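One chain, chain A, links the two complexes that follow: it is found with chain B in the first and with chain C in the second.
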Partner chain A sequence: MLELKNLRLSYGSTQILNGVDLSVRRGDVVSIIGPSGTGKTTLLKCINYLVKPASGTITFDQIRMDYQRVDKAAIQAIRCRTAMVFQQFNVFKNMTVIQNVMDPLVVVQRKSKDEARQIALQELERVGLSAKQDSYPSQLSGGQLQRTGIARALAVRPDVMLFDEPTSSLDPELVGEVLKVIKDVASSGITSLLVTHEMQFARSISNRIVFMDKGIVAADGSPTEIFDTPSSPRLAQFLNSEHTHN
Partner chain B sequence: MFDMDVLLPDFRDIIGAVPVTLAMALIVFVVSTIIGGLFALVEHRRIPVLREFVVAYKVVFKGVPKVIVIFLVYYSLPAVIQFLGSLVGVTLNGHTTSNWVILVVSLIACMAAFQAEIVKGALNSFDTGQSDAAHSLGYKNSQLFRRILFPQVVVSAIPDLASSIMVIMKALSLGFAIEVVDIFAQSQLTAALNFYYLEAFLIAVVIYMVIAYIVTQLADRTERALRVW
Partner chain C sequence: MIPELLSALPLTLAIMFVALLAGFCLALVATTFRVRRVPVISQLADLYVSYARSVPVVLQLFVAFYGLPVLAGLFGVPDFLSATAASMLGLSLYHGGYLSEVMRPAYLAVDRGQHDAADSLGYSFRQKIFRVVGPQTIHIALPGYGNSLIYMIHNVALVMYIGAADVMATAHLIMERDYNQYQFQTYLVLAVIYSAMCLIVWLAVRFFERRSSMYVPNAAPIKTTLMASA
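Right, the complex of A and B next:
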């Protein structure tokens, strides 16, 4: 359903994406792993055009776009069918938890407030935040902020969820509650792309692992293939370093 | 040296100038903040050409003393008005322009440059992650502005905007140079009649301080009520 071809991007003389190809089938849960600075987050943000690649194409069901010819309608269509969960949460600070979840439904999807509230309550229940619905972001812990972000993303009923290192800026004791929610999302059948450094978690929820290195997809396969029989020394070395780290 | 007896009649005299001063301050504040806000947006969005204009404008109007701007406007505005009128085929007598209008226009021109910096600072304090989130959910720029950016930026700007009101209040006293009577000018005139200068200016000091206190209090309360993060 989602296909990226030959994505290239550089900041100054630094090549970030060096011709990335990636295709995702409906229902896939793909974890993207790899060393820092290899373009994992950048790749994810190219999908909803928060980052603008220099060249390449994206196909999202019937939507096609060549990144060299910006097509605002296509970008908007893709944005409306994907939702992103950010490393830094990025909840709207001037809104309560429930307003954060309702606002995109009212503003972008033009749903009535009542309908938006119904959906929001449902999603907050799902992430375990019903009790905090009227709190402002400043009153929440990192884990609660991230669960708000996830509820906000789920509420728009996206075809694809994009998780950008959702637990990387959380205190260790708060990681568990967020991973639990993501696991629940992944198992519900929503197509998901997850950039993460949580190897064990990636292995347990994904049906595919993509290993990025130096701006390209260096390995792509099932969790067993990637983790148990790494195809390259580089991958083996990376997995080893992550392992000793954890 | 200090005469208590003149305080009360002098006070009545000088307080009479307060409504006019406040009204002019309010006009200058509102209009210059709107113009300054637009300037800040031009810079924030990096709109070409307009952006260079804004940078040049700020250099000029932050650099030139307000009193000089007032005199420049005083001697040129009537002619400009007549010229603009002639462009659209209307005969206007620019020389009937009230001096208070000239003062207000001059201060708007000057303050817009400073208000632009206040708004720019507030815009810069807004973290772009929230813009990313909104864009990723399909918000258009105008929706992002209305729902998320503006409500947060306004609150961040409140303390600086409140002090700019006081800057404007004080700058209005420059209107004395073109015979506009504000609190300061009224003290001067009152004192000139009875030669109790110290008394008159002390009254002016007290009035300015009371206004400053009220403005600061109102701003603090509004900010506290609106700042939920």
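Right, the complex of A and C next:
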């Protein structure tokens, strides 16, 4: 359903994406792993055009776009069918928890307030934040902020969820509550792409692991293939170092 | 003395309100162009802002009162500007430029992630500004805006140099008429009038600051000192 071809991007003389190809089938839960600075987050942000690649194409069901020719309608269509969960949460600071979840439904999807409220309540229940619905982000913990971000993303009923290192800026104690919610999302059948450094977690929820290194997809396979029989020395070395850190 | 001074207040307030309102609109337009980097127009907006911020306000008033009619004369337009109109125009231009440099940093201080989140959810630029970034910008800009309002109140006193009959000009008329007997008393009344205006502005700004203090992390009740602010 989602196919990226030959994505290239550089900042100055630093090549970030060096011709990335990636295709995702409906229902896939793909974890993207790899060393820092290899373009994992950048790749994810290219999908909804928060980052503009220099060249490449994206196919999202019927939507096709060549990144060299900006097509605003295509970008908008893709943005409306995907939802992103950010490393820094990016919960709207001027709105309460429930307003955060309702606002995109009212503003972008033009639903009535009542309908939006119902959906929002349902999603907040799902992430366990019903009791905090009227709190402002400044009153919440990191874990609660990220669960708000996830509820907001789920509420738009996306075809694809994009998780960008959702637990990387959380205190170790709070990681668990967020991972639990993500696991629940992944097992509900929503197509998901997850950039993460939580190897055990990636293994347990994904049906595919993509290993990125130096701006390309260096390995792509089932969790067993990637973790148990790494195809290259570089991958083995990376997994090894992650293992020692954890 | 006091009734005479107060009779000049409506004109003073009129100049002030026109300048505040027009200046605000000018600042919005200038800031929009400056943050969106529209070629040529953005550079012109930059030039305008640096004029408004770097030329003394008195000089800006002279430019409005003596300069513009000369410019208009080149195109065959007769002198149309009264002292009051020139005051309004000059102060609007000053306030707009000054305020733009309050708005622009406030806009830029809104976390990039807030833009990303709104974009990723499919908000249009307008929706993003009105729903998410704008309210946060206002919160950040409020203290600076409060200051610029107070500068504005003080700078209205300069319009007497181009002959507009505000409270300051009226005070001088009164003093001269009374052979400068009551100079100190007159200035004292004047000081009270200006302080009252600043106090009202300060209370209004504080009200809005408190209202939006929930947006900031670890929101502590905002503490403000009366003397320092007014």
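The definition used in the following text is that the second predicted complex is superposed on the first by the 246 of 246 C-alpha atoms of A that agree within 3 Å, B and C clash if a C-alpha of one lies under 4 Å from a C-alpha of the other, contacts with A are read in each partner's own complex, and residues count from 1 in each chain.
To be clear about the criterion, a residue touches a chain if its C-beta (ideal position, glycine included) is under 8 Å from a C-beta of that chain, and two chains touch if they have at least 3 such contacts.
Because the structure is predicted, anything quoted here is derived from the model rather than measured.
Superposition of the two structures on chain A leads chain B and chain C into a clash.
When the two complexes are overlaid on their common chain A, residue A:69 makes contact with neither chain B nor chain C. Looking at the shared chain after the overlay, A:104 reaches both chain B and chain C.
Within chain A, the residues touching chain B in one complex and chain C in the other are 45, 48, 50, 76, 79-80, 82-84, 86, 88-95, 103-104, 107-108, 136-138, 149, 152, 156, 162.
Interface of chain B with chain A (complex): residues 127, 129-130, 132-139, 143, 147-148, 151-152, 155, 228-229. On the side of chain C, the complex with chain A involves touching residues 111, 113-114, 116-123, 127, 131-132, 135-136, 139, 212, 214-219. Partner chain B is touched in their complex by these residues of chain A: 45, 48, 50, 76, 79-80, 82-84, 86, 88-95, 103-104, 107-108, 136-138, 149, 152-153, 156, 162.
Touching chain C in their complex are the following residues of chain A: 45, 48-50, 76, 79-80, 82-84, 86, 88-95, 103-104, 107-108, 136-139, 149, 152, 156, 162.
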